[in-house]
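So, here's a batch of structures to check.
The same subunit A turns up in both complexes below, where it pairs with subunit B and then with subunit C.
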Partner chain A sequence: MNATDLINPKEKKSRSVQCKEAMAGYLFIFPTMLGFLIFILGPMLAAIILSCFSWDLLSPQESHFIGLTNFSRFFSDPRAAAVYLNTFFFVICEVGLFISIGLLVAMALNRTFHPIIQYSIKISYFFPYVTSTAVAAVIWSFLFGTDLGAVNYYLGLLGVNKIPWLTSTDWAKVSVIIVDVWKNIGFYSLMFLAGLQNIPAQLYEAANIDGVNGWQRFSKITLPLLSPTVFFLMIIGFINSFQIFDTPYMLTRGGPGDATRSVVMYIYEHGFSFYDMGFASAVGLTLFVIIIILTIIQFHFSKNWVHYR
Partner chain B sequence: MKKYQLFLIGILILTLILAVGIPQTGAAKKERLEFVFWLTSPEALPGWQKTFSDFAKENPNIELVYTPVEADTWGVYVDKVATLIAGGKAPDVMWVATEGVRLLAERKLARPIDDLVKRDSKELKEYFDDVAPSLIDSFKVKGKLYQLPYSWNNMVIYYNPKLLEKAGLQPPKADWTKDDFLNYAKALTVVKDGKTIQYGFATEVGYFTSSIPWMFANNTNLLKDDWTASNLDDPKVVEAVQFVQDLIYKYKVCPAPAAGFNIFNAFMSGNVAMFGAGRWPLMTFLPEKFKDFNIQVWPKWKTQVTEFGVDGFPILSSSKNVSASWKLVKYMTSKSVLDRLVGSEDAPLGNIPARRSLATGTEMAKIPPANFQAFYGSLSNAKSVPAPAQFNKVESIWLRYYGLILANEMSAAEGCAKAHQEINKILGK
Partner chain C sequence: MSQLQGRRLNPANIISIALIGLGMVVMFAPFVWMFSTSFSTVREAYSLPPRWIPSAFRLDSYQRVIKFIPLYLYMWNSLKITGLITIGQLIFCSAAAYGFARLRFPGRDWWFALLLSSMMIPTQVTIVPIFILMNRLHLYNTHASLILPGLISAFGVFFLRQYFLTIPEELEESARIDGAGPLRIFTRIFIPLSGPSLSALAIITFLYFWNELFRPLIFLSDYNLKTVPLAMVMLQGQYGAGNTAVIMAGASMAVLPVLLVFIVAQRYIVEGIVLTGLKG
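The block that comes next holds the complex of A and B.
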């Protein structure tokens, strides 16, 4: 008889079972972890390393270490401020519109309609979200034509002068925001609708008994209980809007000039058109840091207004 | 052993088999050749596949593996191929236009073919006799030839004869001038109830398609003749760009171009009477059974020099199958293959065959436009589109400022001056 025999046989058996169960668990998460390592962590580490190299896509054998030169080059590029200002403008406008319009649409959908009407409205709001951006941009570029577009035609009937939607540096930004909000509002309204439907009806019933008005119902019940959803959508909205690419690329190609060029378009231009992967990686890192900082700030201030039940 | 453990082991073995592959024995080893080309439209694929299958029949020892790359422009196509090359999947042969030749040559990614041309000079004599020297010279970099011309395009003015007739205008003659062009554009612009319902001309924010043709006509160029420095400080360049801006805002004969504006659709619907392009609009017009168009050479200003761009098939330096690659290149420039480039009314193609006999032949005459001779005829007084090794950067810089000029947010002089500084910095001047 040895020491191991003195161990409780039930405990000994459960350690073996635990080991097997852990093994099974690791095997099941292995494909996802492999995907994470190959497609997320690996490229992130590669970007960090590449950002310190002069790395040409066509001649990688001539790459060499240059330290922080790519970063100093970016910060001294007059276009850097322009693309970041454009991106911040898109973020602030789009997130504001996503939250406000998304909530309004969700609240309208949350009313009691005939199921067919409700499903029809939901589909029409969500349909743009599943439409290809390229297709949407082609159609909107027709609609936004200054001289031959439908939007200016109908505005003309209302006595409004032709608006240079895609050929003015100011209006081109507005056009990008309109198309991007149109395309994504379905997702936000659906998330808000789910959040609204999670609010217990008894709270509204109690409020009705107490004689509260519509605004009080909204500000004291709906909004506080919807705050986790608002917070989640703000985080998602900020992250996605900072990475805006397909809408301005397809609609305006970043023009006129750099008027609608976002940071990601700038990264793409330098990485894949100019083959300067090191520089593009450095710019990508700056975007990553900014998004992280803003997300941390949002999480920090969320304690003041997000109420989890 | 538990069932799930057996299942996981089975998956692992299957993965290993698929990764390693089952070796084939007994079959003769073919020479594998990888070819990448720009698929301009899905409709063009059957034509390419026919060409490849005919090549395979003539060369049973060569296994041709082709990769079509879809892209809007040559620039986007080259970007995608660059990604392939960077990923270690460089093809043996690829389709490259003027815009990419110097890039490949100066980075030693493409292999000069002078030795191969010299070796097969007898076989290639009829080819060189049938191709305009200017097309061949455009593929020489520092005296070395990198590819044989396959197809090309120039810039001509498309016009709608019915709209001209309605405006009481005769079709323009080959020696028409820039002032004639402007008069035509004014006469063809129709304003009704304060709204322009028909524009005399339409253009886009384009390097090849919009700015360079007017610069050439004004006897100047975006870059110096050797493409090593910007020429945007030349007053004639500013004059040419100012003219395009004036077409939109002073004479109001042209709509302000936007990224998504489809000139071809506007032309087919009668909203635009003239525009500039190469042969490629045929791929839009003819499938729609639209034939109300003809062409004329670019109007004369200080000169009547035509802009052209050519394409061909360089053999990449990394290719280990130079012999098979060269066979493919010669095959692709043979009469039988280039003959297909003429296309037909039912299956039109957008490039002009490099061979004179085909581009001016009877088959070409069967397809609109009626004045098809304007394509090859203009080569006697033509210049290549300026395309240095840094073409992507030069084009990007120019189009940023040209876009602002055509949006009337910057004067032609200021735009040219700013672009001049940036382009010279890129070119190391």
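The block that comes next holds the complex of A and C.
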């Protein structure tokens, strides 16, 4: 550094300074990028290659190239349709409930002016979110017991017949959704609350002066200004729910039959119970592609309804 | 506050608060039932109506759990794995974030875009090749197999870089004039100024990996290496058909550390998660 550098600080730095900065830059990103190559990019490419192989874990030299056989095997497996339908069902129901209930809770929370009350409600909704899904699902597996579970007992007091929560193929799916929504609703409520509190009060004041009613206030001010948050949470909820594993695994182990088996459970079963690694990789790739395509579609349609300020 | 409903106790407000209160009960009820059942006898656990307050504080079930599995060891395992991953991520992600935010080098933005795109790749796609890799490296059934991949977080880098970009360049300039190199600028300026962001990342990282089930289920088979969520799987397998009280005792012990941390640090946890959500 000499005097001219001080006078013109924004001027191009000397070659050696640039070189040193570049070296520093590479050094700073090196650990992460090395890890990225070893644990993300490498495995991603390996998964693509693996999906075209019949891979024998114990004797890799026995593995052989089988082209797209893994994929055709998957598409002709009736269980494949079942696990995908289950997963779609989970995703649609869960995201729908996350957004609607989360928003309702946030709006109700927003009306609570007493800071201590609002705060304690906030954190109580949040507690299930920080616990492990394993613990939560195990607790609910008992609460959902057909004859001895607490849920059916209280429903019985209201005159409702016993519901076979975990033993009926239809109700088991509902049970998974209930547990997942119960566990995660705190996150969505909190995000919506933050979004609501970001809406400037002046807008509502102006609306009040114009004599706008409640529904109009909601549809013309709240919803449009909240749409980026809604979109963000939709994408997050969608991607997370597509990968659902912990809840159905701990609640029903995928049962009864395959009623609650998700795509990831299917991958887990084939990859780590049957050690059919090529096949599992292939299925994993289908999951990846479907998530990407559906996310792109959502982004495309978001232009129609998401308003950015 | 952006709503102007006024502090009147109008019907809408009352209904809202009532429903919210009901929701609160639903949020807590399963945990209250869990604690209560953990203290009951086997028979009591199955009796109806459900007991919300234990009749006596029996520790039998808890003793059964400890006899069956080394739960304290599992908590230590979880702490070790989660702690190392969290610290590692804080170090590596902040370093990379600084490099991408403030240092200039050829291909910088290209590398960053590549890293960012990996956020779209679900764990389940890479899990099989990583499993094979760990096998080859003889790291299967070790904690390293969980820790090493966990040190990489594209989200962490993205999140911290967003924050670093808001740190004024003048601070750097004056430090540079004083002769400070990138390392000193990083450690003396950027890190100290990033308290909230770093703790937010630490919190969500810690929570995520402490509660993780999928990877430990796959990579850990040794009895002594398991983590807390796996302990629940084991209890379920052993006592699922018969002894609810024991399983609930295990669940209570698993939840207790989280509950304590939550009570002490709830404000930071809540703020941290909202912060990462808003920035992300």
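Quick note on the criterion: the second predicted complex is superposed on the first by the 287 of 309 C-alpha atoms of A that agree within 3 Å, B and C clash if a C-alpha of one lies under 4 Å from a C-alpha of the other, contacts with A are read in each partner's own complex, and residues count from 1 in each chain.
By our rule, a contact is a pair of C-beta atoms (placed from the backbone, for glycine too) under 8 Å apart; a residue touches a chain by one contact, two chains touch by 3 or more.
Being a predicted model, the structure only gives us computed values, none of them experimental.
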Overlaying the two complexes on subunit A, which is it for subunit B and subunit C: clash or fit?
clash
Who does A:57 touch here: subunit B (first), subunit C (second), both, or neither?
both
After the superposition on A, what does A:285 contact: first (subunit B), second (subunit C), both or neither?
second
Just checking: does A:127 make contact with subunit B only, subunit C only, both, or neither of them? Give me first, second, both or neither.
second
Is A:146 touching the first partner subunit B, the second partner subunit C, both, or neither of them?
first
After the superposition on A, what does A:41 contact: first (subunit B), second (subunit C), both or neither?
second
When the two structures are overlaid on chain A, which partner does A:274 contact: first (subunit B), second (subunit C), both, or neither?
first
With the two structures laid over each other on chain A, which partner does A:258 touch: subunit B (first), subunit C (second), both, or neither?
first
After the superposition on A, what does A:24 contact: first (subunit B), second (subunit C), both or neither?
both
After superposing on the shared chain, does subunit C or subunit B touch more subunit A residues?
C
Look at A:136 in the shared chain and tell me whether it touches subunit B only, subunit C only, both, or neither; answer first, second, both or neither.
second
Which listed stretch of subunit C (99-107, 135-143 or 171-179) steric-clashes with subunit B in the superposition?
135-143
Subunit C-contacting residues of subunit A that also contact subunit B:
24, 27, 57, 138, 140-142, 148, 250, 272, 277
Along subunit A, where are the residues that touch subunit B in the complex?
24, 27, 57-60, 137-138, 140-142, 144-148, 156, 164-169, 250-253, 255-258, 269, 272-275, 277
Counting only contacts in the complex, subunit B reaches subunit A at residues 4, 8, 75, 79, 82-83, 85-86, 103, 107, 109, 195-196, 199, 205, 255-262, 266, 271, 392-393, 396, 399-401, 403-404, 406-407, 409-410
Touch list for subunit C against partner subunit A, complex
1-5, 7, 12-13, 16-17, 19-20, 23-24, 26-28, 30-31, 33-34, 37, 46, 48-50, 92-93, 95-96, 98-100, 103-106, 108, 111, 114-115, 118, 120-133, 135, 148-149, 151-152, 154, 157, 173, 176-177, 179, 181-183, 186, 207, 210-211, 213-214, 217-218, 228-230, 232-233, 235-236, 244, 247-248, 251, 254-255, 258-259, 262, 266, 269-270, 273-274, 277-278, 280
Which of the residues in subunit A end up touching subunit C in this complex?
1, 6, 9, 18, 20-29, 31-33, 35-36, 38-44, 46-47, 50, 55, 57, 105, 107-113, 121-128, 130-136, 138-143, 148, 150, 153, 182, 186-187, 190-191, 194, 196-197, 199-201, 203-205, 208, 232, 239, 242-243, 245-246, 249-250, 264, 267-268, 271-272, 277, 280-281, 284-285, 287-288, 291-292, 295
